[in-house]
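Here the chain labels run A, B and C in written order, and each chain numbers its own residues starting at 1.
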């Protein structure tokens, strides 16, 4: 059995980190499945998905980390060629990745107590993001 | 067909890297499935899973890399708010990610010869980790 | 339903980044499935898969980023022990990861318009890589 649901997420860009756990959970509930794997994928090359404890301190820490590891203010060949100024966003998204899987056990996603599913939008402008939620199961 | 197995892994924390390949393989064998995808997920926001050649040199190299990229000794807003001192562990776990998939082909996981499945516990104390192993297949 | 296809990809190593989207799409087409999840896995501990906009500027930017984050010219314990000089390649591959999932919706992978599936070979010599493509679906 496979169920697919598409959700739209409005973001502010600029490393906006959005807790999408409840939207994913709604997609899972709509599937009627109780056992399976939940697959979360964001379309696009400047956004990514992962998990984290969604609290304000860590939101700032994660943004600081990306500024340090893949800075905005250094030259990117992508920007020289295309002029959109979001080379850093592309690189960050490739490193973090657009896909996440989470087990579905007894009708609940097997996340830790302080673990949420987040969409990270690295682009340099607000975007509307298509996130595909699939449940593969019995 | 879907089979789910939960395994518990005791860790020392502090970037403890544990080879869980044989425990995952036991879960796969117990499923009786020969073709499918093996899904590995660690619950919690300070641990992650990936693959690597599990040899002592690389274990040290990976620990050194994380110390360099996401150091312990710099200020994290998470630590200012909550005082648990493991902000770096949260950030590392979000970057590496809690999920891994491995193909199951002819009853064997299609890993490379020098490729093991590892659990990395970034937290700053020993932990018991719940790892969920699922096999989706025919 | 599950379909498995193995593809071989010749690489130059040295952070060679290869667009494998069309090869993955051929595997998906051969499965005959229209709805499901496409699972992509590279065997080996010095290669990885992710997505990116496949254009020459970003290829250079991604290579520069890896040189900066996990440099070749610093000492790795792996190299001291084994002498293959590819410690950096192992570390990069573990950080990026060997697995990717992409939803299959209405017979098409739900990638963004500028989002391709890439194999990144970090090793320090040309390699032939086994990539396993699986489709789990109805």
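Note that contacts are C-beta pairs under 8 Å (C-beta built on N, C-alpha and C of every residue); 3 or more make two chains touch, one makes a residue touch a chain.
All of these numbers come straight from a predicted model, not from anything done at the bench.
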item	value
Interface composition of copies chain A and chain C: same or different, split at half	different
Superposition of chain A upon chain B: rotation angle, C-alpha, nearest 5 degrees	120
Distance from the mean Cα position of chain C to that of chain A, given in whole angstrom	19
Numbers and ranges of chain B residues touching at least 2 other chains	69, 95, 97, 101, 136
Interfacial residue positions of chain A with respect to chain B in the complex	35-37, 50-53, 55-58, 60-62, 65, 69, 95-97, 100-103, 105, 110-112, 114-115, 136-138
Residues of chain C touching chain B in the complex	1-2, 4, 6, 39, 41, 43-45, 69-70, 76-82, 87, 90-91, 93-95, 97-99, 101, 130, 132, 134, 136
